[in-house]
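What follows are several structures.
First chain A sits with chain B, and in the next complex the same chain sits with chain C.
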Partner chain A sequence: MSKYVLRRLLINIPVLLGVTLVIFALASAMPGDAVVAMISDESPLAEDLIAIRRGQLGLDDPVPVQYVRWIINVLRGNLGYSYVSGTPISAMILDRVPATVQLMGTSLVIAVILGCMLGIVIAVRRASWLDYMLTVMSFVGLSVPVFFLGMVLVYVFSLRLGWLPTSGRVTAGEQYSFVDNLRHLILPATCLVLVRTPLFMRHMRASMLEVINNDYTRTARGKGLRERTVLVRHVLRNALIPVITVVGVTLPALFSGAIIVETVFQWPGIGLLYINAITQRDIPVLMSITTITAVLVVFSNLLTDIVYSVVDPRIRYS
Partner chain B sequence: MVKKYAMLIVALIVLSISGIATAQEDGTYRSAFRTGCMQGPLWTTCGHRLDMTVLQPLVAIRWTADSLQPMLAESWEMEGNGDAYVLSLREGVTWHDGEPFTADDVVFSLNAYADPEIASTWASKLQDVAGYADFQSGAADSLSGVTKIDNYTVRIELANPSPLWVDLQLIFIVMMPEHILGDVPASELRSHPFWENRVGTGPFIWSQYAPDQFIEVVRNENYYEGAPLLERIIYQIYADIPTILNALENGEVDDMSYEGGGIPETEVARFENRSELTVLGQLNAGLPTYIQWDLTKEPFSDVRFRQAVLYAIDRQSIIDTIMLGLPSRADTQFPQAWARPEEGMNTYPYAPDRARELLAEMGWAPNAEPFDFIYYYTDNVTAEVMVAIQSYLADVGINIAPRLLDPAGIQAVYSDNAFEMGYFANGQGLDPSLGRVLTTCGAQLALGYCNPRVDELHQLGISVADRDERAVYYREISLILNEELQKGYLWYAARPLAFNNRIVGLAQHWLEQPLILFNLPVYQEIHTWYVEG
Partner chain C sequence: MIIVLLFLAVFAPLLSSHDPYQVNLEIRNQPPSAANWLGTDGNGRDVWTRMIYGGRVSLSVGIVAVSISTVIGVLIGSVAGFFGGLVDMVLMRMTDIVMSFPMLIVVISFVAITGPSIYNSMIAIGILGWPTMARLVRSQFLYLRQVEFVTAAVALGARPPRLIFRHILPNTVGSIVVAVTFAVSDAILLEAALSFLGLGVQVPMPSWGNMLRDAQTLSILENRPWMWIPPGLAIMLAVLSINFIGDGLRDALDPRIVL
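Entry: the complex of A and B
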């Protein structure tokens, strides 16, 4: 097992390097750079000042040179400094991680539990009114744009009912209180739960249906086991594998956040940092977030594979 | 056990939901602030409100936009016709950390703005000061025109004398503490932690900053104009306009920020229905909005083409229908009525036949390859304006392909010399002299336009201080630009704003402000504002 893990990790090093190379090339190919992004049409900057600033940031070097300089720094554990604010990127990211983990963690846990439970229920009660209703609702959840959903939630629960704040993570400038934090969390988290639950539900349902008609399920029923035992021990355990894959693929979002929801709700997480970095052409910030996300994808895939072997004894790595 | 936890969770949710939606407490003014405005006065193009409440200029423009307010400079004297200025600083002012404010801070700050290594966005505001060119080129290591006479007196000598230098240039320059930043190497100034914990001289003291969330500033009891009545201001940071609008409607912020777009025209009525808000739906943004073209390229270099474009577009219909009548039609550049002649300007009424005639005269055949037409406002109203302009122009045989770009993208198009046409605006509320940036021969935004008479008139316009005398020059420029259409003037934009009436002084000052003054700190007597009740 440990040999397998080690091999997987080694294989992924060139993959990660490739990812950083592609993203760096794409980011550098965006029109404009961090210096001209600071100029507005209302305040044009003289050409010589632009040149000086580019020189300070090293933007006048060829892109490959910039990439090599960046990757060497990263390998030394230095993510560098923001082109825009000059702050160390590690600090900027650490500042935002708690907010993103809170939002994504809450919504993922709820979405996975709710999605799997509903998936099991409607698989067992296939073709019932509940099945039809939830299937239709899941299509709605999957197809409604998340920014629109966010606006609707704000309209109903903040503007009309006045129950919840419209945006932010806490009431700005107030002493931190958990209840206040929770009240701010409800709408963005609900928004994410509503779009992610259908995904897990549909996978769970499909996977259950595949297993539920298998010979061994019939055998289990035939030898007189209780329906509950059949479902939990024979069906559910076998049906979980595809669902674990979906959950695994979703895990890196715990770090990378949700750009749209964080923007709509001004949730001060990684997603908001990322979108601002794009408009400001803050390439070091953008690269750092992308690279960390890529590393997390690699690890979560590995984690998924390891969990497979726990759930399914047939899977053994050597 | 499980039940117990479930009950606890339910209880928490109920508790949280039943809380009061808006936590407004006494003495706090919550102001909306846009993302990306934290770079500090040397570089920001939108964070200038902090440069009145925390840091401060020597002299500021008053909210009425017609006079100056002495701030850190108590008074100033002009030598000759603006050859030099002697500034007398306010004595007894201290920085928020207790250090005295002196002439050293002034000399340091002016030099910081002009330092080529610091690359301030606002360096050009000092270009008339003696020694600026040498400092910029590296021949000198400071501004020779700035001298400390004594601890509370500074003399500034100009290479290009102007009686309006304080009125039009010095008001942009914000003072920074020499005792904190004086030893910081120029190249490290931008990343200095000072910008996240500023020490100023203003009515409010920097208290805390949470990235992407808020900046809190609290009352300065020792403020030289008297301690503010507000306890604190919380600048709440937002990335998106709809989020601000929601927060405003829900009472979570007290105003709509003017930076980066106000309330969309189509939403104004919704806010006007709210009794707790004062809505300025037609607030003049001081923002001539126009079609911009590269005059070095065909067919834009032909004035008949440019005139045809204006005849082809029914500007009044666009204003009345899409923009709900809020902007006012523009026939030339200056948003200041006094700078425009009362008669003699062509109003370019909607006349598609006249447009077709002009195009036929120049042998125009409808272009199969549409012109790249750039715009940068992301709101729906602008998108609809683009569709309208596109169809009006198509009607006379001019095809355009509107394309939304962000500022960095636009700068890249300019520098690749790929720019053709676009929908632009430029903040000029302060004074018509700001219009130079769009016309001066060789200036980037002039895009190939060059009329030496216009440059000469602009120079004359800042050579005298009297508005009636200046008006003569600017009216002549107005006529020339109306005829030559270096830009295709559409309208003077409105930027609808709204203010919660619970902050007494906020709406009152904005009601007296004739237009938005972009990119500089504006004196609004904020120390006299208070929370109602």
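Entry: the complex of A and C
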């Protein structure tokens, strides 16, 4: 087992290097660089001064050299500085992590639990009116654009009914209070839950139906076990395995955040930071977030595989 | 439903006497009326007209992007599935990598670097959307590769290209069509998201996504719902109806899947 994990880790190193290479190559192809970004409009500098500063920052070196230097810095935990504000990027990101984890964590947990439960229910009561209704609803849920849903929620619950705040994480200028924070959380979290639940529900349902038709389920029933025992111990435990993958795929989003939802609700998470970095052409921030996302993608894939082998003893790695 | 939307998009010029780009500051922010069926936006442009023209843009981005991703996906999938072995392994690892990244982040980075425009969104969505198709085609190929009529064709001396294009590929068309339908609805959603973030289709060219973007301020959201509800509903209906078509096609073309 540990040998397998180690090997997978080693395989992923070239993958990650490849990804960072692509990110770096694309980023250096972008117009504008650190020096140009640092010059304010009020004090235009002479061309030769710009050139000197470029040399000091090593921007005259060939791209491969710059890449190696960047990667070494990243490994040391130094992500560089924002072009726009000049603050260290690692601080900027750490600052945003709690907001994103709060929003994504809440909505992901609710969506997974709700989606799996609904999926189990409609798989057991297949072809009932509940099944049809939820299936149609899940179609709608998968078809509605998140931002439109968010706007409708804001329109109804904030603007028309006035129950909840429209945006942000806390009321500006007020003393922080947990209740206030929760009130801000409700709408964006609901938005994400509504969009994600159908996904988990459909996977859960399909996976349940697959297992229900298996021979061992028939055997368990044939042994005279209670239907409840069959469903929980034999069907559910096997049906959950494929769903783990679906959950695993969504894990990196815990970090990268739901870009669109964070934009609609101005939720100060990583997603919003990313979008702002793009509109301001803040390339180092962009690169850092993309790189961290890449690392997380690789690790969550690895984690998914490990969990897989723990819950499913049939899978053996040699 | 989708036929209605397509009809509206194709015959947009005939269905509206307004010009989608015509700014008329005298009739800004008008609620729906007989002259402007869905009212006007902040620049006095007719919302109905912009919506059906926006439909043209959104649907064409979806279709072009999916055409690109289908061609790439089918090619990679057939080569991987047909030749197997090392070729398969390398191609599938590539597919896994592309697939495992959050699509939106990659597309956004691509567009941010190449510059936002309608063509770049088409290309970005197109060249990143192929993995699903590639996997599907590959799995079909793995199965069809060992079916009797293919073995017979091999015995008759058919070469790989002929085997791929004449014997195996035609048998995968059913599944491909189903996957294409779902891909189109995904692409429309993605384009809408990009345009909403201001990274897709650029104003003044209308698209459903950027019409919603224009309505993001609270005053418009609260007092002028005619500006943002129609395009939002349009996206939803387009995606929903395409998904239903895909579902129906799957039932019709693929009897093996039990849902």
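Here is the rule we go by: the second predicted complex is superposed on the first by the 275 of 318 C-alpha atoms of A that agree within 3 Å, B and C clash if a C-alpha of one lies under 4 Å from a C-alpha of the other, contacts with A are read in each partner's own complex, and residues count from 1 in each chain.
Criterion: a residue touches a chain if its C-beta (ideal position, glycine included) is under 8 Å from a C-beta of that chain, and two chains touch if they have at least 3 such contacts.
Note that the coordinates shown come from a computational prediction; the quantities given were computed from them, not determined experimentally.
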Message = Tell me which partner touches more residues of chain A in the superposed arrangement, chain B or chain C.
response = B
Partner chain(s) touched by A:Leu159 [first = chain B, second = chain C, both, neither] = both
Query = Touch check for A:Gly168: first (chain B), second (chain C), both, or neither?
reply = first
Ask   = Looking at the overlay, does A:Ser85 come into contact with chain B only (first), chain C only (second), both, or neither?
value = first
Message = So in the superposed three-chain picture, is A:Thr263 touching just chain B, just chain C, both, or none of them (first/second/both/neither)?
response = both
Inquiry  = Let me test your reading of the model: by the given contact rule, A:Ala127 touches which partner, first (chain B), second (chain C), both or neither?
reply    = neither
Query = Can A:Thr279 be said to touch chain B (first), chain C (second), both, or neither?
reply = both
Message = After the superposition on A, what does A:Leu10 contact: first (chain B), second (chain C), both or neither?
response = neither
Query = Does chain B (first) or chain C (second) touch A:Met151, or do both, or does neither?
reply = both
Message = Output check: A:Leu75 vs chain B and chain C. Expected answer is one of first, second, both, neither. What do you get?
response = neither
Request  = Using the superposition on A, tell me which residues of chain A are in contact with chain B and, in the other complex, with chain C.
outcome  = 30, 151, 154, 159, 166, 263-264, 275, 279, 281
Key: chain A to chain C touching residues, read off their complex   = 15, 18-19, 23, 26-27, 29-30, 139-140, 142-148, 151-152, 154-155, 159-160, 166, 206, 209, 249, 252-253, 256, 259-260, 263-264, 274-275, 278-279, 281, 286, 290, 293-294, 297-298, 301
Remark   = Contacts from chain B onto chain A in the complex sit at residues 12-13, 15-17, 19, 21-23, 28, 30, 35-36, 38-39, 43, 45, 116-117, 119-124, 136, 187-188, 190-192, 195-196, 208, 210-214, 216, 232, 234, 236-240, 242-243, 246-247, 249-250, 252, 376, 405-413, 415, 424-427, 437, 443-445, 518-519
Inquiry  = Help me check something: in the complex, which residues belonging to chain C touch chain A?
reply    = 97, 100-102, 104-105, 108-110, 112-113, 185, 189, 192-193, 196-199, 209, 212, 215-216, 218, 221-222, 225, 228, 232, 235-236, 239-240, 243-244, 247, 258-259
Inquiry  = So in the complex, the part of chain A that touches chain B is made up of which residues?
reply    = 30-34, 36-46, 48-49, 52-53, 56, 81, 84-87, 92, 95-96, 151, 154, 158-159, 162-174, 179-180, 182-183, 186, 263-266, 268, 272-273, 275-276, 279-281
